[in-house]
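For reference, the structure is listed below as structure tokens.
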Amino acid sequence: MTDLSPAIERKTRDSFARQSLMATFGASIGLLAPGTCTVVAPILPLARQQHGVGHAGLTFALGDTAAGYAALTLMPEESEVMTVEMKINLLAPARGDRLIAEGRVIRAGRRVSVVTTEVFAEKADGRDLVAILQGTMVPVTPRDRT
Amino acid sequence: MTDLSPAIERKTRDSFARQSLMATFGASIGLLAPGTCTVVAPILPLARQQHGVGHAGLTFALGDTAAGYAALTLMPEESEVMTVEMKINLLAPARGDRLIAEGRVIRAGRRVSVVTTEVFAEKADGRDLVAILQGTMVPVTPRDRT
Amino acid sequence: MTDLSPAIERKTRDSFARQSLMATFGASIGLLAPGTCTVVAPILPLARQQHGVGHAGLTFALGDTAAGYAALTLMPEESEVMTVEMKINLLAPARGDRLIAEGRVIRAGRRVSVVTTEVFAEKADGRDLVAILQGTMVPVTPRDRT
Amino acid sequence: MTDLSPAIERKTRDSFARQSLMATFGASIGLLAPGTCTVVAPILPLARQQHGVGHAGLTFALGDTAAGYAALTLMPEESEVMTVEMKINLLAPARGDRLIAEGRVIRAGRRVSVVTTEVFAEKADGRDLVAILQGTMVPVTPRDRT
């Protein structure tokens, strides 16, 4: 695996930094490399469901974002990325110190990219797989968004 | 369609009120009736993606919550509800005054319920369909969660 | 709703006729109109699962095909159609005289189209909803497939 | 990983043998072990789409079946298995000598199991990943099916 070009790394981190929802969740990018992106966040009191564990919307948001930026690392430099669709299976409650979403590109295509993410809840004594996601990303150029 | 029993309505609204993520998003329940639940929220500055429109995580969270409580209205009184899986297709940017997620039960089963949600962005001049979701909910009793 | 152009109707029916799997299943196109396509098939003895009802693969194949051709009716005349992804929720056993898959376009885009299908099992005394599908189609031109 | 009990192996193979659709497709079980099942099939002329490659319905049927029997290997001896929902992303045309669907259990639960499958097309010079599936299986006892 080659290194990520500085231009693509900067574009990806800048894009992430503009996502206010990630700031709201206290999320940050961990590992970022060609075809993979890890997003890490605590399970803040503001992001809970009715039983006090992380809301599925939190898990989804982290997982989708990790998958999207994993895809973006393999797209042309002028592209941004957009989620076409995403499917999540929830395996266990999001309970622990923080969530770690590991996004990965399965196939990078010119028109669509297929991505998956595993989301783990990290605890003092290890980590649990809490969700898996599978979805589709497309490159977007400034022209597409007008 | 019969009316919602007061006990189930109270249980559903109480559960929603305990979801801190819904409070964070400024969301509230609109219509609540047997087999259907509408969740409404503004697109707050804290819930945006990199281009300034609502994050897919916001759209998902509202859509999943509407679907879950739609399912809960048809479950036994002692049950709570949990998302097994959910799939979202994003159709248009979440841009406008507020999002309206209309959840609906397609089939209520003893073991699993199948649900769909349409999410609309409301604007001065009408509303756009921004996402559709399709997923599976299960009833959970206090015993299941131990 | 305008009528389907003769050229697109012919293209769609010709494409369906080249799908040997549809012939194997005894399937045919029912209604075909802009943005919608119905595919009908018996539940042949060759397409069963272990309990003697229609295999999920049969239900999926009919549902995916109906959705794809629904999308094709709204694509440019030189395009063909390809499934990017499809999700199916199975609601009831595929048991009855025949299956009817009603595909419908939710949003026709230049790059991707979002589609849904409902699949019904028809019996002497009515019909049951046996599955719902939600997915993504893309237009393909001869150039894309090389 | 422990070995598969003879009773569960027999139950699984017997169930597969009763699926007429698998016989129609010329499919057979390859590897069968706790939490995993491989289903192999040629791409027969009877299972093609309009461009002469394997139909998405074929890929789905093999992938769903591999996932279901992977789940069945971890279920109680009296259970059978049923697909609740399944999502497929298609990555490449199903072209080659045969398809190999490798099903795997991600999480085996008492009420629901989460499964994934990778489907490969095998050619003289290697194999291509043509699809990935992610879905939910439930155990079914004879009582549930009445």
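Per-chain numbering from 1; labels A, B, C and D assigned in written order.
Throughout what follows, a residue touches a chain if its C-beta (ideal position, glycine included) is under 8 Å from a C-beta of that chain, and two chains touch if they have at least 3 such contacts.
Note that the structure is predicted; figures quoted are calculated from it, not measured.
Chemist: Are the interface residues of subunit B and subunit C largely the same numbers on each copy, more than half shared, or largely different?
Modeler: On the two sides of the subunit C and subunit B interface, the residue numbers are mostly the same, over half being shared.
Chemist: Select, from B-D and A-B, the pair of chains that is joined by more C-beta pairs in contact.
Modeler: A-B
Chemist: Return the distance between the CA-based centres of subunit A and subunit B, expressed in whole Å.
Modeler: About 22 Å, centre to centre.
Chemist: Using Cα averages as centroids, what's the distance between subunit B and subunit C in whole Å?
Modeler: Distance between chain centres, rounded to whole Å: 29 Å.
Chemist: Where the CA atoms of subunit B average out and where those of subunit D average out, how many Å apart are those spots?
Modeler: 32
Chemist: Could you list which residues of subunit C touch at least two other chains?
Modeler: As it turns out, subunit C has residues touching two or more other chains at 84-85, 87, 89, 114, 135-136.
Chemist: Counting only chain pairs that touch, give me the topology of the graph as line, ring, star, complete or other.
Modeler: It is complete, because no pair of chains fails to touch.
Chemist: Spell out the residues on subunit B that touch subunit C in their complex, using ranges where they run on.
Modeler: 87, 89, 91-92, 106-107, 114, 116, 129, 132, 134-136
Chemist: Which stretch or stretches of subunit B touch subunit D in the complex?
Modeler: These residues of subunit B touch subunit D: 84-85, 87, 111-112, 114, 135-136, 138, 144.
Chemist: How about subunit D: which of its residues touch subunit C in the complex?
Modeler: 15-16, 18-21, 23-24, 45-51, 55-58, 60-62, 64-65, 80, 82-90, 145
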